[in-house]
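Below, subunit A partners subunit B and then partners subunit C, in two separate complexes.
Right after this comes the complex of A and B.
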């Protein structure tokens, strides 16, 4: 959270976290394409091995003011490959919420589990309480033929009571449901804190 | 001069981000041993950078790798010519990516 008094804005950061090629970038590209141009900032794209790191910000007017400030959300993806640990940690610094994107394909569970573990480690190192920190889970690639049943994904990952959404980011299904849940969770946490 | 300090108190990366988030028109002047740096910011962007003989993004990468050093922030001089217009996040993420790929 960063309060910009000069502009009357509260900047809130949401990071899309997950294994390489799980669909984080596809989520952000879909959101960016459907956000009115006058409300969004520039899309920044950095090429990394296998995938890209994306970020952009946008003013969210529907959600109402937070502590009398206009909420501006910054959305980031992290590079998913194992060796980009410092980049992921840097991106998670100052984050207000995380969307964990799960690749539903049967052969990707080890990567999902490793990614979840590193997310938890980073958040703990950054001083967050995992019990209260807003994490939303997206089961992506539900349209693919080898997608595991949701019950199996829930069993393999320590999701607990966190909000979960099924999605096919490439088709746009579930993308905004996930984002809205994350924004609401972040705003609720900020309202509790101020 | 309106702000000065040490990079042991606030990192160059955090200083640049904070000034950019507040959309300050400012110039960061920094020095460490015999090295000097000058980073110009306006409208939330890095618009010019010089460090250890480098210019542009490479100069920013140099500065944020300094382990220590001193800085002062002054009003952006009127004669400064913008040679780039890059959001600070883009520069910092690129620096992190390079570091990870060197290690990896």
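Right after this comes the complex of A and C.
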């Protein structure tokens, strides 16, 4: 978080985290496509030749003036592939909230679980308290035929009482519900902190 | 590692802004800005408007962090302090400022590299002196319950 009192800006960072191909970049692409141009910056994607995220995707959103402050959100995705662990840790640095994107397909649970535990590990290393840190969970790819029931996903991941949303990011379903919950959670956490 | 949080009073930001602007008067500087390693832009000066500073800050922070990680994986013992990129028409330097900040300086190609290196080193030292004092200032409680409520309503209006 960075608050520029001279300009009345509050800058906050949200990272979309999750296993490879879970739909993190697709979330950002949909947000970019459906947000008025005056409220968003460029969507920056550092990709490999295979179109996978190499370092991160980045998108800045402005919300307009709220109670004399101008909130600005920097949205990042992390690369999902296992071998990019170092990059994921770097991008989580300084984040104010996380959206954890779950791939709902039956064959992807091991990757989801592994990704969840590495996220927790990185957040702890960065000094966050997991009990209070705002993490929103998105169950993505609900439209696919082999999607596991949500109850099964909840059972397999230590989600506890965190906000959860079903989504199909490629169709846009649930994308903004997830984003708004994350933004509200981050702002509430800032409120508690100051 | 503890979580970083930066608190800069308007006077501190103005002082940093002045330092960046002074640099722009001494040589042909394209842009100079201060950011933190999480990718937030804090203060900037540019010779033309409409630079996408938010994206620049995210990319420069990622660049510096990635370079630091490369050095660590190769067994580097010293902290990475400076990245230099020499392009056809400009030179870009990115330097760490203390533990959590960085400064980026882009100069025209005909500005001697030695000058740019010295300039960014001194700039980093001067910024660090200002930030060091600023870190002790507590933030005013502007994010109150009204803000939280109005913010949620605003989001519903947009999406």
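In this text, the second predicted complex is superposed on the first by the 171 of 194 C-alpha atoms of A that agree within 3 Å, B and C clash if a C-alpha of one lies under 4 Å from a C-alpha of the other, contacts with A are read in each partner's own complex, and residues count from 1 in each chain.
Simple rule for what comes next: a contact is a pair of C-beta atoms (placed from the backbone, for glycine too) under 8 Å apart; a residue touches a chain by one contact, two chains touch by 3 or more.
The structure displayed is predicted, hence computed values, not measured ones.
**Student:** After superposition on the shared chain, which partner residues are touched by A:69: those of subunit B (first), subunit C (second), both, or neither?
**Tutor:** second
**Student:** Considering only the touch criterion stated at the top, classify A:180 as touching first (subunit B), second (subunit C), both, or neither.
**Tutor:** Second partner only.
**Student:** Is A:155 contacted by the first partner subunit B, the second partner subunit C, both or neither?
**Tutor:** neither
**Student:** Check whether A:146 is in contact with subunit B, with subunit C, with both or with neither, and answer first, second, both or neither.
**Tutor:** A:146: touches no partner chain.
**Student:** Pick one for A:171: touches subunit B only (first), subunit C only (second), both, or neither.
**Tutor:** Neither partner.
**Student:** Given the touch rule stated above, what does A:83 touch, subunit B (first), subunit C (second), both, or neither?
**Tutor:** A:83: touches subunit B, not subunit C.
**Student:** For subunit A, which side has the bigger count of touched residues, subunit B or subunit C?
**Tutor:** C
**Student:** A:91 in the overlay: touching subunit B, subunit C, both, or neither? Say first, second, both or neither.
**Tutor:** A:91: touches subunit B and subunit C.
**Student:** Kindly classify A:48 by the partners it touches after superposition: subunit B alone (first), subunit C alone (second), both, or neither?
**Tutor:** Touch partner of A:48: subunit B, not subunit C.
**Student:** Give me the intersection of subunit A's contacts with subunit B and its contacts with subunit C, in residue numbers.
**Tutor:** 2, 4, 6, 11, 42, 44, 46, 55, 86-87, 90-91
**Student:** Name, in rising order, each residue of subunit A that touches subunit B in their complex.
**Tutor:** 2, 4, 6-7, 11, 42, 44, 46, 48-49, 53, 55, 79, 81, 83-87, 90-91
**Student:** Under the stated contact criterion, what part of subunit C meets subunit A in this complex?
**Tutor:** Residue list for subunit C touching subunit A: 1-10, 13-14, 36-42, 52, 54-55, 58-59, 62, 65-66, 69, 73, 100, 139-148, 150-152, 154-156, 158-159.
**Student:** Applying the document's contact rule, which stretches of subunit B touch subunit A when the two form their complex?
**Tutor:** 21-23, 87, 89-90, 92-94, 96-97, 99-101, 103-104
**Student:** Which positions of subunit A touch subunit C when the two form their complex?
**Tutor:** Checking each residue of subunit A against subunit C gives 1-6, 10-11, 13, 34-36, 39, 41-42, 44, 46, 55-56, 58, 60, 63-64, 66-69, 71-72, 74, 76, 86-87, 90-91, 93-95, 125-128, 176, 179-180, 183-184, 187-188, 190-191, 194.
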